[in-house]
Structure formats: C-alpha cells, structure tokens
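Both complexes shown next keep subunit A, but they swap its partner, so subunit B is in the first and subunit C is in the second.
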Partner chain A sequence: MTSMGGQRRLGRRLILLIGAIYFAFPFVAMARFAFQNVQVFDLGRSTLFENWSLTSVTSAFGEDYFWDALRLSIQLALGTALLTLFVLVPTAVWVHLRIPRARAVVEFLTVLPYVIPAIALVAGIVVIKPHARWFLNSDLSLIPFYAVLALPFTYRSIDAGLRAIDLRTLTEASRSLGAGWNVTLRRVLIPSLKSALISSTFLTVAVVLGEYTIADVLLKRTLPAFMAEYRQSDPRGGYALAVLSLLATTLLFAGIGVATRPRGGRNPRTDEPSPSTEETPS
Partner chain B sequence: MALIDLSHSSPGDEGATASAVAPSLRRKGQTLRDYAGLLPFLTFLLLFLLVPAYSVFDQALKNPDGSFGTDAFREAISGQNFQAFKFSITFSAGAAFVGVIAGTLLAHAASTVEKPRWIKNLVTSFSGVAANMGGLPLAFMFLSLLGRQGILTKILEYFGFDLYAGDFGLGEVSGLIIVYSYFNIPLMVLVTLPAIEGLRPAWREACVNLGGTGFTYWRRIGIPVLLPSLLGGFLLLFANSFSAYATAQQLTDNSKIVPLRIGFFLGGDVSIGEDAVGYGLAAWMIIVMAASMGAYWLLRRRSERWLG
Partner chain C sequence: MTSLSLERITKTFGSTIALDDFSLAIESGELVSLLGPSGCGKTTALRVVAGFEVPARGSVFVGGADVSRTPAHRRNMGMVFQSYSLFPNMNVAQNIEFGLRTRRLSPVERKKRIEEALELVQLQKQAKRYSHQLSGGQQQRVALARALAIRPDVLLLDEPLSALDAKVRSTLRDEIRRIQKESGTTAVFVTHDQDEALSISDRVGVMSEGRLEQLAPPEVVYSSPSSAFVARFVGTINEVDGVVENGTIRVGPYQFRSPRSGRADGPVKILVRPEHTRFDETGIPAMVRQTVFMGASKLVDVQAEVSARVIRVQLPGHVTSPEPGSRVNVSFDETKALTDQ
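Coming up: the complex of A and B.
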C-alpha cells in the first residue's frame, strides 16, 4: 500500500515538474534572447553570464513610433474601460433588480463574442467600413469593438460582484433614506462593487494591451502592432517589448487577484471563484 | 445613457401600488419598461457585434453583381479552402486533445498534492494568467525556443538530433499543438478543476469497500462523472485553437490556417469577386464556432447537474 501511495505521489510530482518546465522554458528563452546579446551557438558555460543588458528595450523606447503606439494603446484602454463601465454596470444592476428572469439571456448575449471571434468580427468591420468611414477612420473607433471583445470577462466579473452583495436591500435602504438613483449609484453601489469594478477594468486593459487581430487587419498602430512591426527590424527589441507586455499583464492579473480576494470570510458569498480565473479566447 | 433610464423610474414602482389598480395591465406596462432598460446594452451589441457578423454572411451570400447567390459560400469550403479547413480542424482537434489530457492530469495533480499547499494556489493563479496568453508574446516565446535558431533547437542539434529534419515546423500541426498547449492546458485546468474537486472522497471509499481498485474507481466512477466536463473542455479548447489569429500569424505564413487565410483575403490583394470568398471563410468560421460553443454550453449544463 505504502509503495503504491509513494508511486502515486511521485507521479504527481513528476506531472507538476514537467508542467513547470514546459511553462517556464519558453519564457526564459524569450527573455534571454531579448536581454542577452550572445548568439545561441556561442552559448556555453563561459558566456552564460555575458552581455546581458537592457539596450534592446532602451533602443525600442528611442523610437518615436513606440510612443505614438503607447499613447494610442493607453487611450484605447482607458476609453474601453470607461465605455464598459458606462454600458455594463447600469445594465447589470438593472437586470439584477428589475428583470432577474432575463439574467440567463443577458449572460448568453455577453458570451456571443466567443462565437464571433476577432478575425470574423474584423471581417464584418471591413464590410461596414465604406459606409462608416467618418467613424472607422479614427483610431479611437476601435474602442467599442474592444469593449465587445472584453465583454465575456467584464460582464462576468461585474455580475459576480452583484451576486456577492445584497443589492435589493442596499438600494431599498438607500432609497428609503431619501437618496435618488444617482446618489444610490454613486454612494452605495459603486463603493460596494469596488473590487468587481476594479477587476473588470483591469481585465479590459489586459484585453486591449493584448489585442492584435483587429489592429493588424485595420492597420491601426497600437502597441501590439508596433511590436510586430518593430520585430522585423530589431528582433531583440520586439521580444523585449513582449517580455514587458507579459509582465504588465501578469501584474494586472495579480491586481485582480488582490482586489477580489475574499476578506476575512465576512460574506460567505464572496467565496465564488474570482472572475480572473475564468476562461477567455485568445 | 443607461444612467438616465435608471433615474427615470419613479420610487415605489414595485409591489404596493401595483395590486390596487388593474394589476395585469399595470404589470404589462412595467415589464415593457423593465425590458426597455436593456436598450442601451442591446444597441451597443447590435451596432458593434451583430451588424458586423450579419454583414459577413450578407457578403458571403452575394454574387459579384450584388444578387443573392451561394457561389462564394460554397467556394469557401472547396479546393484549397477545403484543405485549409481540414488542416485547421486537424490541428485544433489535436491541440484540444493534448490540452484536455494534460490539463486534467495537471489539475488532478495540483488538487491532490498534500504539501506544499501553495502548489494548488500557484497552479490556479498561473492558469488564470496563462489561459489568457495568446497573441504575440506567445509566438515570440516559442520562436526563441523552437524556431530554427531557437535555443532548444540548438541544444537538440548539439546532441545530434535535428528537429527540423522531418516535417516539423512551428506552423505545422505538431508545432501548433506544442504552442497552443501553452494556453489550452491552463484553460483546461480552470475548466476541469471544479469538476475534479467535486469528486467526493466518499465515492472512492465506497468503491474500495466494494472491492474495487483504483482502476475500477476511474473506469466506473471518476471518468464517467468527469466526462461531460472533459468533452465540454475539448470543445472549448477546440474553438479556442481554431479561432486564434495573432499567434499563428507571427509563427508562420502557412495559408492553410483558416484565420490567416481570412486575414489574407481581407488584406485586399485579391480581385473583386474573390473577396467574397474571404467573407465565406469568415462565415463558415462563425458556423463552426457556433456549433462547438453551443455543444459546449449543453455539456456544461449537464456536468453542473452532477457536480452542482
């Protein structure tokens, strides 16, 4: 019996170890390539610690295009996050309070972007383009489409936040104390939904910073598009930017983890899985 | 916009006053107004998701002269385009299969490992990040690891194994499976972990008490209970791999990958009638996605029945 249990434990360890190697190695390889200026065939014990530097990043930062792309991506991220909050929070609150029966339907609508992936969506945008040039010629016209791509994650995180609070009691208490809907939203709902709103915003930013498909087809120069283009002339610089973007994304997810961590078991219902650990299409 | 809708509804709408005067009439008006609260959201979805999706089908089902016709729609699944769908479905199914097996093993290992306890948290948190990792960084990682000048390629070469001697390539079936597993495995961990945690220890004990072995337990209890979520995971991973554009585009210019093919047609370097084929491909992609996600939805409902 003991030997079988031991074998099983060994098997588990082995699986975890193989997993760790598979997930760590590609990242290490990319980081090495980005930050160490040594050809692969020169690598050896003597050169392993040579020529590490951040010059690849600094030279990428030296490009004017980089700053343009960064500015555009930041504008898109902020715009998408704001649009998401303005459309989704009232909708989700409304559905929870007034038409709980419609919850499943709304939820179904919010996962439709899984069915119509970015490459198909952008095909549709290309069709519409001649009829809406006044709108689609602007770089910022990506905002609503990015909000759509982020919809499955953002709605779910706001929905989870609403499930975790006693919405009806809170609003009724606020209303009976004389607050209007505006005050209720600003002083009661938003504070109690803070962590859901933060995680929805971070998810949006992560989606916008990673989105490449639509930007590439529509020739918009966002940060990922710059990264792809810059790699053609300076591979190490492009890879270095990818390392930075991965770190940024990881930080955003860590932030979501902190924001949605259940606090001291005060409310057992907040123990639902945090929205960050849900599936997304790539 | 929706904020205004909210502030318009007068206090005391619910309950008390409703029952006094003509309840059914009152309720009907109210229901209508309740649903009107969804208008801003529905408009947003219509303009930026449904209209583009409709336009894809509209263009795909059109003759060059603008009349209705199914030529482009059929052209999109014949000849080279058929080969592309075959290739894409093959590698997506392969990537999904590998992801389901490896993800389930990893989730099981993480959920049953006794110590150190942080392993499980690490695996779940990491999966949350890695499942979302598509796009360029993923392609760059594997190019620097397994590309022609990749570090692992060179290490293998040093030991006398030429990775590229056969038909290996990051844009071929084997390469794409290796790369896509990077987000498929974590995604499967997230999908299957709740189901694995839902397996009650009592079931295992019951099986042992009745004389069953570990194998009997998995064969008769474990796998059957997990089956809906395994199949559901397969469909989700399949759809995920099938629709990925960014990573594939950086890895290869293999035009047998359907999303890349759509991108090529959208790029505009094709003659007039031909661009309709691109929309036909996109339309078929939506159909494939709808079928697999729909089946996923059904299976998930089924697995929730067991492991609620």
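Coming up: the complex of A and C.
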C-alpha cells in the first residue's frame, strides 16, 4: 500500500514537473531574449549565464508614456475592482437569497463575456461610440467594459464565497439584531466573504493588466497598449515588459493563495489556545 | 415583558399551505413550544413572528401593537437559529455587541450589557474567542446571549438544540429555561422533539398541517390529548381495534364506555397510553410476549387474542410482572382512552 501511495505521489510530482517545464520553457526563452545582451542566433546552452542586463526594461521605464500607461492601468484595475465590489456583491447576495432558482441563469449570463470574443464587444462599442462620446472620451470609461470582461472570473469567485457561508442564517441573524441591509452587507457579509473578494480583486487586476483589444479600439493608452506599441520600436524592451507583467500576474495569483489560506485554530488577536474546557468543538 | 399574539395567519408557498388560519396567543414571560412533525408550519410561524416571512393574511401583535408591516430589523426580536449563526469575523464579545451597536447604545452601556450577557451564559472566559474556536454548545449559548443582550420583546428559538449531541442538548435545554425564566422574556421555542417541548415549556402547541391542534400545559397535552393526532405524536400510544355498539366500545369480551368518545356505531381505533393500561380479569385476553425493565418502571408487551396488535402495559418498577408466555387480561383507564376511526 505504502509503495503504491509512493508511486502515486511520484506520478503526481512528475506531471507537475512536466507542466512546470511546459510553462517555464517559453517564459525562460522570452526572458533570455528580453534581458540578455546576446544575439538571438547565439542564444544557446553555452550563453545561458552571459550578459544578463536590465537595460531593455530601464529604457522602457525611461519613456514618459510608460508611467502614464502604468498609472492608468492601476486606476482602471482599482476602479474595476470597486465597481465589481459595489455592483456584483449585492447582486450575487440578492440572487442567492431571493431568487436561488435563477442562479443557473445568472451563472450562464456571467460566463458570456468569456465565450464571446472581446472583438464582438468592441463591435458593439463602435456602434454606440458616436452617441456616447461624452463618456467614452474619458480614460476611465474602460472600467465598465473591464468589469464585464472580468465577470466570468469575479462572479464565480464571489459565488463560491457565498456558497461557502450560511448566507441566509447570517443575514437573518444580523437583521434580527436590528441591522438593515446596508449594515448587514458591510459588517457581516463582506467580512465573511473576505477570501472570495480578495480572489475576485486579484483576478480583476489580472484581466485589466492583460486586456488590449478594447483599449486599442478606444485609443486608450493602457499598459498593454503601451507594451504592444513599444514592442514595435524596441522588441526586447517590449518583451521585457511582458515578462514583468507576467511575473506581476503570477505574484498576484500566489497572493490569492496566501491571502485566502484558511486561518489556523489559534486566536489571531489574543493568541489563546483552542478551548479545552467543557465540550470539544465538533 | 411583552405578550405575543398571531391572529388568523395564512401563509402559502406556491400551492402549499404552510399556515392555515393559524392563531396563537402567548402571555408575557411565558415560554411556549411549537411542536410538530416536519412541514407542519412551526418554523414558518416563527419566521412570520420574526418578520422573515410575510403572511398572505392575518396579523402579528407584540404587546398589543400590530407589527405585521414592520420589517424584521425593527421588530426587536431576539432569535437563536438551528444552524450556528455567529458572525465568523467577530469574536464572542463583538457578536454580542453587534445588536447593541445597531441600537446606538453608548460604549459604557454596551460594555455593561456584554458582561451581563456573558455572565448569563457563563462564557466570560471565552469573550475573545472566535466561532471556530468554540464548541457547538458554546456557540449556541453565545447566540442566546447575543439575542438576549438586546433585551428583545420576544425571544424566538428555532430548534436551537437540534445540531448538538444528546448530553449537551439536555444541559443547554435546562440552561435556556433557566435564563428565560430569570430574564422573564416571552419566548417561542420551535422543536420536533417532544421531550424537549414537554420539559422546557409553560405551554406546548402541537401543530399539524399549518394548524394548531392543541395548546395546553405539557401535562395536559400528554395526559389529555385533544385529538388522535396529538395522542399519536406526543408520547407512546397503544392502538387497539374495537367496535362501537350503542355507545359502548367493545374489544372481544372487554366492554367499556368512554366519556371521551362520541363515535357512531362501527369499527373504531382505541388510543391509550401504556401507563393507562392495566392487568384486569375483565379485560382483553392476551399472552405476554416480553417484559422490559426500565428502572422506575416495567414495560410489558402483550399480544391480544382478538387483535394482531401488541399492547404495551406500563407497570411500576417494583411490581412483579407476569412471565413471558403467560395468559393475562388487559383493560384501560376508560377516562383516558381516546378513539379514532
């Protein structure tokens, strides 16, 4: 039994290793192209540790437009995360409490932005553009579109959070203690959904940092738009930024793992041990 | 202290009638249990009182004031739920404080009430713990403290013990009763467990199909059930097939007149509790199948000759019981026997 278990563990590790190589290989290749001052046709095993430098990325950082693009992307990420929080959380709570039978329909609707390509959304934006210039002229007009694009990920994250708590009982307990909907949402539900909301926020940021199509059509100079443009004039710099962007996204996902890790059995504020008197916790 | 009354409440879910012209009046400081099988409407009645369900018809009065249109968060009801309902992001003291904050009480008053509530449920040492650091029984005690700290007009308990193991259940049941009496709070306790209802309540309301079958003190519900449903649902009951002839009930050679039966001539089921059954030479001929010693009492199961049914006779523990296989005659306390068709 032990040897079978060991084999299974080994098998799992092997699959993980193959997966890691599959993803790491192109990433390392891109990083070498971006950060090594070596001719492309010389990039081989023998030059693996030669002439690594950050000049490609520092020259990209030297562009004024880069910092504007980064600032806009951060603003868009925060705005999208806030819009998601203020609109999607109450909506998801309402669906769970009031129309639980409609959950499947809502789930289907929220997955549509993933199924329908962004270019289709762009076609729609082009149609309404002449009638909504007052809105679309603002750089922050991308926020609602990004909120829609992130919907397949954010809704699922919040939905999973809501399924993990006893929503109805917590809501009713709060209301029976004199709290209106606003206080219930703010003081009971949102803190109880902390992990789900952190995941949702990180996923939103990842979507915003990767979106190019809509920003390009609406002529917004976001970070992905800058990267695409910069790559044409300085391919190595463009790819260096892409590597950094990928790293940032990876760190965000690692952050989800850390931030949503369940708390241990010890009281984090008082550091008291778990109860040992009377009944044992079930 | 506040009285509670529900007047002619009807509540439907689609085509299902959960409460059917349901009325209930509870005195100040009284604890009334609503007892009944699953789906009888007892939890719905509680939720209507709490304001979580809006009835199609009827009114809810608290202390004489009509609260039927008052939203749940303005009703001043304390509620303890079946499932654990402590807010996971708050510790015990913060959970208790929650309802006091929504009432905008001063920090001094809040602190005082938290201490009082913790003392009431004897959990002073656990004030800083979070729900995941408490046992099920402790969580329900905190929920009780939280509900009482707001000094509610009515305390609503929705099967608060059903998720707990037997020992904790029994301890907490007694504790709920003690705390309710000490605080003098009017309380409604919903349960499907008859032992719980009989042991904790001033009065027990037995419900069936959205209606109140009987509302009476526990002893009355047990010893004088108002209907065959109540007799069957509360306690153990013998069901014996008989016949009504000219107002007299007959089971084989055994005949009696029951003051509680007004049945027309024809077949009838006699419902009688084991403790209202005795060995008597004029009774139904039967053979003893087994005797079970229960300490304070003995249960003797006999097979009636005229019926396929087993009749259980309860005797005091010290009385010598007949041996299995011996022939006996069984009769009933005729004043306690009920009949059903």
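Just so we're on the same page, the second predicted complex is superposed on the first by the 228 of 282 C-alpha atoms of A that agree within 3 Å, B and C clash if a C-alpha of one lies under 4 Å from a C-alpha of the other, contacts with A are read in each partner's own complex, and residues count from 1 in each chain.
By our rule, a contact is a pair of C-beta atoms (placed from the backbone, for glycine too) under 8 Å apart; a residue touches a chain by one contact, two chains touch by 3 or more.
Just so we're clear, the structure is a prediction, and the values are computed from it rather than from any experiment.
When both complexes are overlaid on chain A, the residue A:Gly124 reaches subunit B alone and has no touch with subunit C.
Number of subunit A residues touched is higher for B, counting subunit B against subunit C. Shared-chain residue A:Arg187: touches subunit C; no touch with subunit B.
Of the two partner chains placed by superposition, only subunit B is touched by A:Ala147; subunit C is not. Shared-chain residue A:Ile165: touches subunit C; no touch with subunit B. After overlaying the two complexes on the shared chain, residue contacts for A:Ala173 are found with subunit C alone; subunit B is out of touch.
Looking at the shared chain after the overlay, A:Phe61 reaches neither subunit B nor subunit C. Of the two partner chains, subunit B is the only one that A:Arg12 touches; subunit C does not reach it. Shared interface residues of subunit A (contacting subunit B in one complex, subunit C in the other): 175, 180, 278-282.
On the subunit A side of its complex with subunit B, the touching residues are 11-13, 15-16, 19, 22-23, 25-27, 29-30, 32-33, 40-41, 43, 86-88, 90-91, 93-95, 98-99, 102, 106, 109, 111-128, 144-145, 147-148, 175, 180-182, 185, 206, 210-213, 216-217, 224, 227-228, 231, 238-239, 242-243, 245-246, 249-250, 253, 257, 273, 276-282. Across the complex, subunit C meets subunit A through its residues 50-52, 71-79, 81, 83-89, 91, 98-99, 102-103, 126, 128-130, 132-138, 143, 146-147, 150, 156, 165, 168. By the touch criterion given at the top, residues 165-166, 169-170, 172-180, 183, 187-188, 191-192, 194, 263, 265-267, 269-270, 272, 274-275, 278-282 of subunit A touch subunit C in their complex. Looking at the complex, you find that subunit B touches subunit A at residues 1-3, 5-7, 9, 11, 31, 34-35, 37-38, 40-42, 44-45, 47-56, 58-59, 102, 105-106, 108-110, 112-113, 119, 123-138, 140-142, 144-145, 149-152, 154, 181-183, 185, 187, 190-191, 194, 236, 239-240, 243-247, 249-250, 259, 262-263, 266-267, 278-279, 282-283, 285-286, 289-290, 293.
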